[in-house]
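Chains here go by letter, A, B and C, matching the order in which they are written, and residues are numbered from 1 within each.
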């Protein structure tokens, strides 16, 4: 059943512009951070530092753009059933709405990782063109790991928002604003050492290795993200009970 | 367990302060087409939604295939095909792709299900046209195709001919009739168009302001609605005398001082007219009338009429 | 035109979420309380405090994102229910329609900054970090007005794209990218992007702000003007073509 649902979800995105738009947003983020790289500091352009672009792009993107884009993707997939009035047809099949939402979330998770990997590919290519000789294999692999874990972690961190949208049906605006503020607030959370450890968005950085975190902080981060996932599962489950 | 396919007992739906459906007892018999007739906003869609469990019931009960649908969705839904209001589909996919998604999720076993369903409603298979570019009529057809995709025993069709052109309406009517006659499906269909229901249904329920005013079979209704000859003459007493004496007519009714109804339509009207005129009774008009469902509907809803 | 604007406001009835978004205005004042509690003691210079609550991330990020969402919502609703064709046969002039939407954005922007100002004063005074004095309050209000007016103009491109588009996804993503670009360009070249130009205009007389680029107020106004005009043209072309 789950396999069919996943297949159906990916079918539904056929010809849908949202994937292109999300990809476009990712590319734009790369371009914008590249523009920032033109900034000179003590006669040295940022972009000329090996690894600067790769590092800066993922953190800026995570604070300002990508979590909102990913939650938009997730909430779009969920809200469209209501908007396009296909939900009643699905309910008559019958399709378990919780399973349906889970399938959508799994897909959103995959996209989250893919978006981060796309951003990695862009930044890596640019760095390789600019100064291939300055890049070490270790640096590139380290960044690949950071991007991958960012993608995984960011999705977990925002999963409660998507679950909430699934429950409220028409809340995709709320999801967007909330996801944006939520990720943006990470900027402030990162100013305090304690808050940085427990705030989900910055916990992602602790786990991914972008922040220099000790073992303890990483563990706390993992626990926090697990809490996020459990929270979203609870939201879905509570909703299930309500409709039954 | 009764042998009814759908049975509702005192089905009631209250939205806030408004009673949308009031204590409705429907009885849909197997293998028959049940027409639910009512004006826009009479409560037809709400009844169908409650039968399908798509909206909570305020009070009363619904049995489908002798079972309460709540908690038995997995067993009952696969036996039902339905369209409620204008059905929604994914706009970025073609009709075929849309149906393939639903077929897969239903676990429809026959590989040709999508193709067959599209053929039945007269839509092309593997067409390139996106659902968002469909006309209202095509959307409705696709909705019907989706409802019959898994070959269900019971079809619940809410205004299936909505948005179709006259030819399309006739086509859909024929194929609904076929489904019932040839394949023994039970069909619950709603419409606000009287002629539609009278041409299709075996049984009929008339609903107005959430109340089921009448439920009977078409045959019974037809018996009630007799054909007659409407005769408009200048002098009723004289005319009736002529009719009784000369033509031995007894089965007639005087309506007012100029109108008279003859219930024997086999009478020789030419002769009657001639006799009346000869004996100085002016015949203003004479015509064969049918006491239609329309009149009947007006009668039971209190003159409001329909459509 | 006035009637159109009135109608636009009538359309906002029962749209709770639009008013809920005003809550985002509280974010920076609250963050400021948090920041000052961890960094400094009481007796902060009011202007310093307001710089945190109202003149930094609020105009850079929060207000543009909120206004961008508002633009999208205003346009999307009409697009979704295919209202436009009904409006054209009223008839409604396309530019008048566009600017009546803009009027809503403008008023909303002012409301948003007023909430920000009120919240800044309240959080500052109640937490005891700043004294309440009329001079700094007036200064805060003046700056908030500047920010709200200029930002409303700076998000015109988003409104234009939302008008040109049937969906909500592209304008929303664009809002994020556009805001992000404005924020990043602050450090690179302020006179390319309306949002960073807006910052240049607003910031020039805020004490304690150091610019690493020469301040050029006319260039900033020119930038905003050019982008706004281009957006109006784009909106007009798009609305005429979409019919």
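Simple rule for what comes next: a residue touches a chain if its C-beta (ideal position, glycine included) is under 8 Å from a C-beta of that chain, and two chains touch if they have at least 3 such contacts.
If you're wondering where the values come from, they're calculated on a predicted model, not measured in any experiment.
The minimum number of touch steps separating chain B from chain C is 2.
Centrality by Cα centroid goes to chain A. Ranked by distance of CA centroids from chain B, the top chain is C.
Inter-chain contacts peak for the pair A-C. Look at where the CA atoms of chain B average out and do the same for chain C: the two points lie 56 Å apart. Distance between chain centres (mean CA atoms), chain A to chain C: 26 Å. With centres defined as mean CA coordinates, chain B is found 52 Å away from chain A. Multi-chain contact residues of chain B (touching two or more other chains): none found. On the side of chain B, the complex with chain A involves touching residues 52, 54, 73-74, 77-78, 80, 82, 84-93, 97, 100-102, 104-107, 130, 146.
Within the complex formed with chain B, the residues of chain A that make contact are 4-5, 7-8, 11-16, 80, 84-95. Those residues of chain C that touch chain A in the shared complex are 17, 20-21, 24, 27, 31, 34-35, 38, 57, 61-62, 65-66, 69, 73, 167, 169-170, 172-173, 176-177, 179-181, 183-185, 187-188. By the touch rule above, chain A contacts chain C in their complex via residues 17-18, 21-22, 24-25, 28-29, 32-33, 35-36, 38-39, 60, 64-65, 68-69, 72, 76, 173-174, 176-177, 180-181, 184-185, 187-188, 191-192.
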